[in-house]
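Same chain, two partners: subunit A is paired with subunit B first, then with subunit C.
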Partner chain A sequence: MQGWCLKKMSDIIIKSHCSINGTSAVINGVSTLFNGDFAEGIRELYRSNNISYPKFFKMDNLSKLAFLAAELVLKDVELPEKQDRLKTGVILMTSNSSLDTDCRFSQSINNPEEYYPSPAVFVYTLPNVMAGEICIRNSFQGENCVYINEVCDWEFLAGNVRSMFESGKLDACICGWCDLFMEDFNADIFYVERCEENQDYIPFKNENIEKIIKNL
Partner chain B sequence: MEDLIVKLKGEIIEQLNFEDLTVDDIDTDAPLFGPDGLGLDSIDALELILILEKKYQIKITEADDGRSILKSVRTMSDFIMKKKA
Partner chain C sequence: MKSVFVENYSVLTGLGCNVEDNFNSILAGGCSINTEDFHGGKISLSRINNDAADRYSFKDVNISRLEKHLIISIEDALSSSSVYPEDPSTIFLISTTKGNIDNLDAVNPFKTDARRIRLHEMALFISSYFGNPNRPVTICNACISGLSAIITAKYLISAGKFKNAVVCGGDIISDFVMSGFSSLKAVSGEPSRPFDETRNGLSLGEACGALILTNENKAEEQILVAGCASSNDANHISGPSRDGGGLLLAIEASMREASICVDDVTSISAHGTGTVFNDEMESIAFERASLSDIPVYSLKGFFGHTLGAAGIIESILSIHAMKKNIILPSGGFVKPGISGNISVSAEHLYSQNNICLKTGSGFGGCNAGVVFKKNV
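Here is the complex of A and B:
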C-alpha cells in the first residue's frame, strides 16, 4: 500500500486494507476466493492464514468476521510494543448489529421443554463485542466504538476517526464496516495510523477509501 | 466410567465449540481452568453447568461446590456417577 504520495506528519495514512464478502477476501488488493457458506469459508480463511487463536471458534459469526478481517489487515503491519498500544483503537460500523446472534439465541429458548439458554451465545448479543475481541487479541487499549447505521457511511466513520486523531485520543486505529446476517455478510476494514516523517502511504481520505474498496 | 469420560469430553468439545480438539486431546485429570489445562473461562464454566443440567439432569445446588466439581473431566464424571448412583 505504498507509492501514492508523500505526506505531512499531521496526516492520517492507510497502512492496510482487507475486505471479505461471500465471494472473495481481498488483502491490500490481492484477492483469494471465499469458498462455500460462511461457516466453511471463514474456517478455511482462518486455517489458510495460519492463525492460531482457539477462542475464534467460540465467537459468534459477526465477531468471527470482524476478528478475521482485523487479523488479515494486520498481517503485515508492524504494531508498536504491547505496552505502547494505549492509543490504538477500534471504530466500526454495522447495519444488522448482533441480529444474527439475537435470532439464534431466541430460537434456542423458544421451546419451554428445552429451555437451556446458552451463556456463550448470550454474551455475543451485543455488536460491540466484535470490537472487544479485536482489542483483546491485539492488546489495543485506545477508544473503541461500534456505530449502527442502515448503510455504510464512510463520511461519518472517517470523520469520527479523524476527530479521534485530532483530539489526541488515537495514534492508530482499526476502522471500517462489518455487517452480517445469516449468509449475507461484508467487511471492509482499514488499519490507519498517524503519519511519521517521510512515510510514503495513502492518505486516509474519502476518495482514497472509495477507490480501495472498489479495488480501483 | 471410561465410557462416561469419553462421552463427557465429546460434549465439552461440542458445547464449547473446540473445533480443533478431539476427545484424545483432553487430559482426563488436567485442570479445565487456568493455563495448565483447557484454559476455560467463567462463561465456559456456565456452559459446563449447562451440560450437567441438559444432558444429565443434575443441578449444582451449592455454588461453592462448583469449583471442585468442575476441576477436571474426572471430577465432573465422579460427580455425575455419584448423583446417578
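Here is the complex of A and C:
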C-alpha cells in the first residue's frame, strides 16, 4: 500500500487495510475467496494464514471476525516493541452490537427446564470484547471504544481517531467497521499510525478511506 | 480547542428521581439494593410524584422501561437548561450496555418495537422524541460506556463539530443481565461493599442519567470536563489486571490532558464494583498513581452497579458534590480490604473539592479516566 504521496512526519498514515465479507477477504487490495458459511470460511482464513492462537476457537463469531481482520491487517506490519504499544488504540464501529451472541445466551435462559446460563457465552454479550481480544493478542493498551451505528460513519470515526493522534493519546490505531449477525457479516479495518520520516504512504483522509474501501 | 462545560444534569436511580433526592439519600447512607426477592436496585416509577407522572404521558404504547427512563431523565435535565434539543448544533449521545435487552426475556410486559433492540435504533427513537435533527452517537463499551460517552462528547464539542451535547446513559435489570452476572458468580448476596474487607461481589442496579455539556461558559463557577482518556489492560476479557497497569495509563493520560498533577486532585470517584479483584486492582492503580492520600469513594454500594449508566450518574453526583464542596462517602464501606494504600471513607466530608478524577473499568479489559475541574 504505497506510492500515493510523500508525507510529513506530523501526518497520520494508512499503513494497511483489510476487509472480510461473505465472498472475499481483501488484504491491501489482494483478494482471496471466502468459501462456505461463516464458520467454514473463517476457519479456512485462520489456517491458510498460518495463525496459531488457540483462544481463537473460544471466541464468539463477532470476536472471531474482528480478531481475524486485525490479524490480516497486521500481517505485513512490523509492530513496535511491546513496551511501545501503550498508545496503540482500537476504535471500532458495529451495527448489530453483540446481538448474535445475545440471542444465543437468551435461548439458554428462557426455557426454565433447560436453564443453563454459560459464563463463557455471557462474557461475549458486549461488543467491545472484540476490541479487548485484539488488544490481548497484540499488547495494545491505548484508547478503546466501540460505537454502534446503522452503517459505518467514517467521517465520525476517522475524525475521532485523528483527534486522539493530535492530542498525543495515540501513536497507532486499529480502527474501522466490524459487524456480524448470523450469516450476515462484514469487516473493514485499517491500521493507521503516525508518519515516520519520509515514508511513502497514504494519508489517513476521508477521500483515501473511501477509495480503499471501494477498492478504487 | 474549545473548553467543555457542564451545563445541567439529572439522575434517576432506585434511590430517587432527581439529583437532590439521590444526593441527600447518599449523604444519609441510603441504599436501594434489595436482596430479598432479587439482588439489585430497581427504579420504581411510582416513586415519581403524581405531577411528574402526568407530565410523562407517552404516546407510544410500545415504549420500553429503559426508553421511559431515558426520556424522563433527559426531559428533567433539559427542563432547566438553556440548551434546545431541536438545535442542529446539539448532539445526542446514548450510552448503554444492553439497551432493550429485556425484549428477549421470556416474560416482559413492556416489549418494545422489535427493531429497537438494535441499540442505534433505540438511540434514534430517543433523539427523535426530542426533535433532534442529528443522528445520535451510540456507545456500547461495557462498564465504561458512560465515561466513553463523555469522552466522545468532549471530542465533538472541543473540535467544534457541535456546541452542545446531551449525554445520556441507562441500563435496566433484566433476566438476561442478572443470570449472566450470577453465572459468573459475581453477584453479592448482600448490598455490595466496595473496598471493604468483607466484600464478596457486586450488586446490580438500574439507573439513568443525563448530562448536558456545552462550549459556553454560562455561570461564574462552572465545572469543566478538563481531561479524559481510555486504555486497555491487554490482559483478560473478563478479569481485571493484577497490577492495575491499564487503569494507571488512563489516569495518567487524563491528568496530563487536564494539565494537573496529583496534588491538585481533591477527590476520586472510583469504579468500585465490590468484587474482590476489581477493587484490589483499582487500589493498586491509585497507589501507583501516587493518589494514596486523596479521598476515594465508590457510589455502587448505594444503588448498585448500573452498567451503561454508571459513568454518567456517578460523574453527575460527583460534580454535584464538587459544587457543594462535599466529598461523598463510599457506600457499604467499613474497613479496608485491599492491598493498595488508598483513603476510603464511609462518611462524607466537607472540604474544598475543585478537581475530581472519575474512573471506570470494564469487561474487555477497558479503563477510563475523566477529570472534572472547577473553573475558579
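Definition applied: the second predicted complex is superposed on the first by the 216 of 216 C-alpha atoms of A that agree within 3 Å, B and C clash if a C-alpha of one lies under 4 Å from a C-alpha of the other, contacts with A are read in each partner's own complex, and residues count from 1 in each chain.
Heads up, the rule we're going with is that a residue touches a chain if its C-beta (ideal position, glycine included) is under 8 Å from a C-beta of that chain, and two chains touch if they have at least 3 such contacts.
Fair warning: this is a prediction, and the values are worked out from it, not measured in the lab.
Trainee: Which of the two partners, first being subunit B and second being subunit C, lies in contact with A:E143: first, second, both, or neither?
Mentor: Only subunit C is touched by A:E143; subunit B is not.
Trainee: Contacts for A:S167 in the overlay, against subunit B (first) and subunit C (second): which applies, first, second, both or neither?
Mentor: second
Trainee: When the two structures are overlaid on chain A, which partner does A:P54 contact: first (subunit B), second (subunit C), both, or neither?
Mentor: first
Trainee: Subunit B or subunit C: which reaches more residues on subunit A?
Mentor: Comparing subunit B with subunit C, the partner touching more subunit A residues is C.
Trainee: In the superposed arrangement, does A:V123 touch subunit B (first), subunit C (second), both or neither?
Mentor: The answer is both, since A:V123 touches subunit B and subunit C.
Trainee: When the two structures are overlaid on chain A, which partner does A:C103 contact: first (subunit B), second (subunit C), both, or neither?
Mentor: second
Trainee: Which partner chains sit in contact with A:R43 here, subunit B, subunit C, both or neither? Use first/second/both/neither.
Mentor: first
Trainee: Same subunit A residues contacting subunit B and subunit C, which ones?
Mentor: 118-119, 123.
Trainee: Along subunit C, where are the residues that touch subunit A in the complex?
Mentor: Residues 97-99, 101, 104-106, 117-121, 123, 135, 137-142, 148, 151-152, 155, 159, 161, 175-176, 179-184, 229-238, 245-246, 249, 253, 256-257, 362-366.
Trainee: Quick one: in the complex, what on subunit A touches subunit B?
Mentor: Residue positions touching the partner: 43, 54, 57-58, 116, 118-120, 123.
Trainee: In the complex formed with subunit A, which residues of subunit B make contact?
Mentor: It comes out as residues 15-20, 39, 43-44, 46-47, 50, 53-54.
Trainee: Please output the residues of subunit A touching subunit C within their complex, sorted ascending.
Mentor: 86, 90, 95-97, 99, 102-103, 105-106, 109-111, 115, 117-119, 122-123, 125-133, 135-136, 138-150, 153, 156, 159-160, 163, 167-169
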